[in-house]
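Below: one structure, written as structure tokens.
Note that the chains take the letters A, B, C, D, E and F in the order they are written out, and that residue 1 is the start of every chain.
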Amino acid sequence: MRPSGRTLNQLRAVSIETGITKHAEGSCLIKIGDTHVLCTATIEDKAPPFLKNTGLGWVTAEYGMLPRATNSRTRREAAAGKQSGRTQEIQRLIGRALRAGVDRSALGERQIVVDCDVIQADGGTRCAAITGGWVALRLAVNRLLKAGVISSDPMLDHVAAVSCGIYAGQPVLDLDYAEDSAAGTDANFILTGAKRLIEVQMSAEGATFSRAEMIELLDLAEEGVAALVAAQKAALA
Amino acid sequence: MRPSGRTLNQLRAVSIETGITKHAEGSCLIKIGDTHVLCTATIEDKAPPFLKNTGLGWVTAEYGMLPRATNSRTRREAAAGKQSGRTQEIQRLIGRALRAGVDRSALGERQIVVDCDVIQADGGTRCAAITGGWVALRLAVNRLLKAGVISSDPMLDHVAAVSCGIYAGQPVLDLDYAEDSAAGTDANFILTGAKRLIEVQMSAEGATFSRAEMIELLDLAEEGVAALVAAQKAALA
Amino acid sequence: MRPSGRTLNQLRAVSIETGITKHAEGSCLIKIGDTHVLCTATIEDKAPPFLKNTGLGWVTAEYGMLPRATNSRTRREAAAGKQSGRTQEIQRLIGRALRAGVDRSALGERQIVVDCDVIQADGGTRCAAITGGWVALRLAVNRLLKAGVISSDPMLDHVAAVSCGIYAGQPVLDLDYAEDSAAGTDANFILTGAKRLIEVQMSAEGATFSRAEMIELLDLAEEGVAALVAAQKAALA
Amino acid sequence: MRPSGRTLNQLRAVSIETGITKHAEGSCLIKIGDTHVLCTATIEDKAPPFLKNTGLGWVTAEYGMLPRATNSRTRREAAAGKQSGRTQEIQRLIGRALRAGVDRSALGERQIVVDCDVIQADGGTRCAAITGGWVALRLAVNRLLKAGVISSDPMLDHVAAVSCGIYAGQPVLDLDYAEDSAAGTDANFILTGAKRLIEVQMSAEGATFSRAEMIELLDLAEEGVAALVAAQKAALA
Amino acid sequence: MRPSGRTLNQLRAVSIETGITKHAEGSCLIKIGDTHVLCTATIEDKAPPFLKNTGLGWVTAEYGMLPRATNSRTRREAAAGKQSGRTQEIQRLIGRALRAGVDRSALGERQIVVDCDVIQADGGTRCAAITGGWVALRLAVNRLLKAGVISSDPMLDHVAAVSCGIYAGQPVLDLDYAEDSAAGTDANFILTGAKRLIEVQMSAEGATFSRAEMIELLDLAEEGVAALVAAQKAALA
Amino acid sequence: MRPSGRTLNQLRAVSIETGITKHAEGSCLIKIGDTHVLCTATIEDKAPPFLKNTGLGWVTAEYGMLPRATNSRTRREAAAGKQSGRTQEIQRLIGRALRAGVDRSALGERQIVVDCDVIQADGGTRCAAITGGWVALRLAVNRLLKAGVISSDPMLDHVAAVSCGIYAGQPVLDLDYAEDSAAGTDANFILTGAKRLIEVQMSAEGATFSRAEMIELLDLAEEGVAALVAAQKAALA
């Protein structure tokens, strides 16, 4: 029934390759099916001004898409002179999600910037960015620990995200672009390794949804995130 | 336990005054406690270019905040030269929510722009904007029906929104600013008059949350929206 | 002869309601007929950098118009990404006018920002903004005096503004929109309570004007400002 | 008494040299003392969209200042990414003033753009721009007449502008920079060749002013404009 | 002598992998040592407006750098709100270079946009972008030919680019970042497969240079471009 | 054969008039035929932040064109809200060229800003800006020396620039606009008084070019720059 022939609760193939750029303190290329996102983490010695003398660190994210990551070319935001509302909304989401998995006091007064750049898009780019961004962040923090810059690990748990939706009347896991553009309801769930919820975003695209459907989508998401966390662990091993 | 002395499931005082500006096709001033939002609906004869020759209409929203709607003055976005990511995120949300309650085919190829301007803020401005924006939209559509411009009513159901959150460890309804800035989890629910879900946004601010808490917040939201829909009906009567 | 039926030297109904927002140090809603402007004054502890170590304070103003304050919807300046030339010209004027009524040495090295936001427009918004802005400023300064932050009153006199013009060949006071858009000459006068002149702006819209007409308009303006100053006093009483 | 040694009603030396650039349809370099402004007029075959099918033409103006036209270098507006409020205010004034001297029906549906660029500034640049801009406009219109594009002359009368002010307690004509920055009241008068008023701008800089002073400044302005109109005639002869 | 141990006329390792994204009409990932650039070509059915009804096509380029392509993180241009002067200069250069290798009449009234995004930078990114961009362009044109959209091949010859410079007093080929930042003279040469010159850019960074040195750098460039053209051929075979 | 009737190696008439504005520390108006550029040099007491505590100074340039410097009116960059890629490319070139002629250590930690504004354009504006900009810079440095602010002369040699190109198949010196827009190859050479090369930019506009043509153009440029340096000397004498 799904365009890709997947079962209702089947993730696309997941691949996370670490260390793919020589400059960044942490990096990976995450592939969720045909959605490919390059994630890098940069350690900056200073926290943002609003944290001065609080002892707390910060994690922030920026998101971009190469112009031809999409089926038809998207205008380059740098040329347009501003980031779209969609881009800003996504990068705020990624930052919030990653911060929820970090003890900012243990991180100390520094900032880690996670850049997520979509090389190829086929649905679910914000979820891939969070799942891959967490790996880049983990690697950068490992470097701080190894160098003795910080002594206790600020990473509280894994953070991963997956989309779900109601497609052709059925709850399905991990929408690809063909499904996403036709789904009645579109949801993104961000969970920890321990299945605690960080963020839920559910939106009626074509039809409103019920309490029962909300719960079914959460069930699917828990299953999907478990597989993504396993992939994060494998990539870091 | 709540700073305002409200019970856990108690909304703030709700007031919706219609017809408060002489120029707009629909308008109201909605007050949810000390949060006051001026909503106007403008009918435009043309739909956006991407709908040309589809027979479908469009509803869109813009959101703004007067500089001194907040406790300390916020920089005017027109002076800053751009709308913040937060503003863009909110106005995209309002537009999606209102469109979910409209049969765009019955509306025909025209656009209704709903402007929501916060005169005074005390938490929950986006929810007040949706609830009040729906009233302004309803009034503008009434005018189209009365003038015979359209013949069948495109309004499918009421749309209203309320925030909930986990404050001091307890699920509470309709956060005011004091609660919002201290809440562990912050959620916004948008529902129809028939309690169908349009949008769910739940975000861990300080602590992650569980499945059970997610359901408890939904319960509160259903209760709150029912009261808001009643207030919409009373204002329009 | 006038569209509104007013006599040549008749002001529209004036109403000034103070204390209309809980956050601002001073605020009022001024209504001059169907022109409604919300004015707030914000006290900032620091003066602008160019006044550092001069002992002098500053008063500045910002002006905005809600998109549907006008008969047809005006594009939101925050969305357009800049303030129009008209907006900048008006807010510079308001700032200059208010500063002319203040002893900046007695104010001390602080800044008061007066925001004037037009809720509904029917001609004469800049004049209403000045007259109402002065009330908000007066209230904010009262608070500084009451709190003992400053000891001598920096307010030198009332400041109020009114428009006049030559409509259908006759000098008239306080143009509404219908008159303004058809007037041959359009003028704004800003005066003190003692009838000293602060600013005169006269502009031939459709026809040039004579010395004699210039004087006649000034006569009308003196009369109008006297009534506005009385309304300011009543509102503050 | 004046820094320059001029009498109270003495203009600075005026020079208007026409035809100073080979590309423009009309051009001049106007020098009022050390204030030098290059004015060009460009004829465009189309009127602005809002005049389509009205039969009316348009005259508009743009104003700029070279970075080192001033005593200390001013930031280039093109580099800053926007025109200042002052620049926009001035170019709107120049446009209004020139349009007041043109029968837009006789001009027909075309636009003339007058660019006024200050090469060297010593006070009174907006007045010099209007006086010189009128000469450039006159020359461009002459070309339209000579080519038979239009048959009746749309130029109604000369337009010229001069500043006056109250300096050291005395009304003086044509303020230079030293006077302008110390004046209590600063005024700009725009008049026709027949001494009809087009625009009056009077502003209390340091001290408010009286009705009597307003009239004295108008007397000086009439005298100054008469001399400027004579200089326009001589330049065009 | 060179930091990398290369001989004076030795290129870095060159790799060009084609077809690396599923959406673009032509694509490759070019690696010149540690400089990695992703190049995609997009075919658009319409030529830019200035070519309307000329029968001529257009090739244009855009250039970007991921924030952490560099050793320390570079601010994202989309976030900064504009493309730097350097970016604009480079993308204008790439576009000119590629157009010089195309018969725009044989291409017909369409546009090909070549996006060059630097994934990792180690000097010579603009040269890699041109050499890789040509491969993406060649692949997109092949698709037009195969589909019968155009009948004669518009590609006139290969286009490739290489940098040279005077490093530690010696002319060297293909500067990496360590050399580039210390070079006395920096040059970029763009040549065709037949060694015709398309563009020469030579710039004294620390010391001026002589006629003789100019010729020596050209000799090196001819050698380097020959190897790059061979790599292009191999990648396309 | 040339539109102007000049011989292949003939420069246009050159005139450099110094001291043409009273405010700038150095200034000149350079005319190369009908290309007229106003150059001013401004001394600033502070070097840019990246040079703090290095003991080195900086020379930078900005470039602009009056709207009607060109045959048809060009949109004002300040109104457009940004400098074009072409403007930025040119001003970066001017700055690099002038810095190549300065010992920044002898200049000390200060900055000189050279503004080059094109009053009338007829091809070769960037070369005229460099040649004239150097004269303005020389005059400003002379003032520093005379005032004893610096003790040793930081000016290493003259810097001048000229364009060459292949027009109608022939190498020609100093292209005017008619030649420039039809040239097959367009080149700019920047040289010192001692004929050392600072920058070479050669670009195939319509046809690629050969090694031999590259050398011929260099020969012409050396001849042209010698004449320009002589004109600089005469202007400063």
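Following the convention adopted for this analysis, a residue touches a chain if its C-beta (ideal position, glycine included) is under 8 Å from a C-beta of that chain, and two chains touch if they have at least 3 such contacts.
Composition by chain, UniProt nomenclature: A, B, C, D, E, F = Ribonuclease PH.
As the structure is a prediction and not an experimental result, all values here were calculated from the model.
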Practice prompt. Trace the shortest sequence of touching chains from chain D (Ribonuclease PH) to chain E (Ribonuclease PH) and report its length in steps.
Written response: 2
Worksheet entry | Chain at maximum distance from chain F (Ribonuclease PH), centres defined as averaged CA atoms | B
Worksheet item: Per the centroid of Cα atoms for each chain, what is the distance between chain A (Ribonuclease PH) and chain D (Ribonuclease PH), given in Å?
Response: 59
Discussion item. I'd like to verify one number: the distance from the centre of chain D (Ribonuclease PH) to the centre of chain F (Ribonuclease PH), where each centre is the average of its C-alpha atoms, in whole angstrom.
Written reply: 33
Practice prompt. Report the inter-chain centroid distance for chain A (Ribonuclease PH) and chain B (Ribonuclease PH) in whole angstrom, where each centroid is the mean of the CA atoms.
Written response: 28
Item to complete: Give me the residues of chain E (Ribonuclease PH) that touch two or more other chains.
Response: 81-82
Worksheet item: If we trace the ring from chain E (Ribonuclease PH) over to chain F (Ribonuclease PH) and keep going, which chains do we hit, in order?
Response: E, F, D, C, B, A
Discussion item. Per the contact definition, I'd like the list of chain E (Ribonuclease PH) residues that touch chain F (Ribonuclease PH) in the complex.
Written reply: 82, 85-86, 88-89, 91-92, 96, 100, 192, 196-204, 208-211, 213-215, 218
Worksheet item: Quick one: in the complex, what on chain D (Ribonuclease PH) touches chain F (Ribonuclease PH)?
Response: 21-24, 27, 34, 38, 40, 42, 44, 62, 64, 66-71, 73, 76-83, 87, 113, 115, 117, 119-120
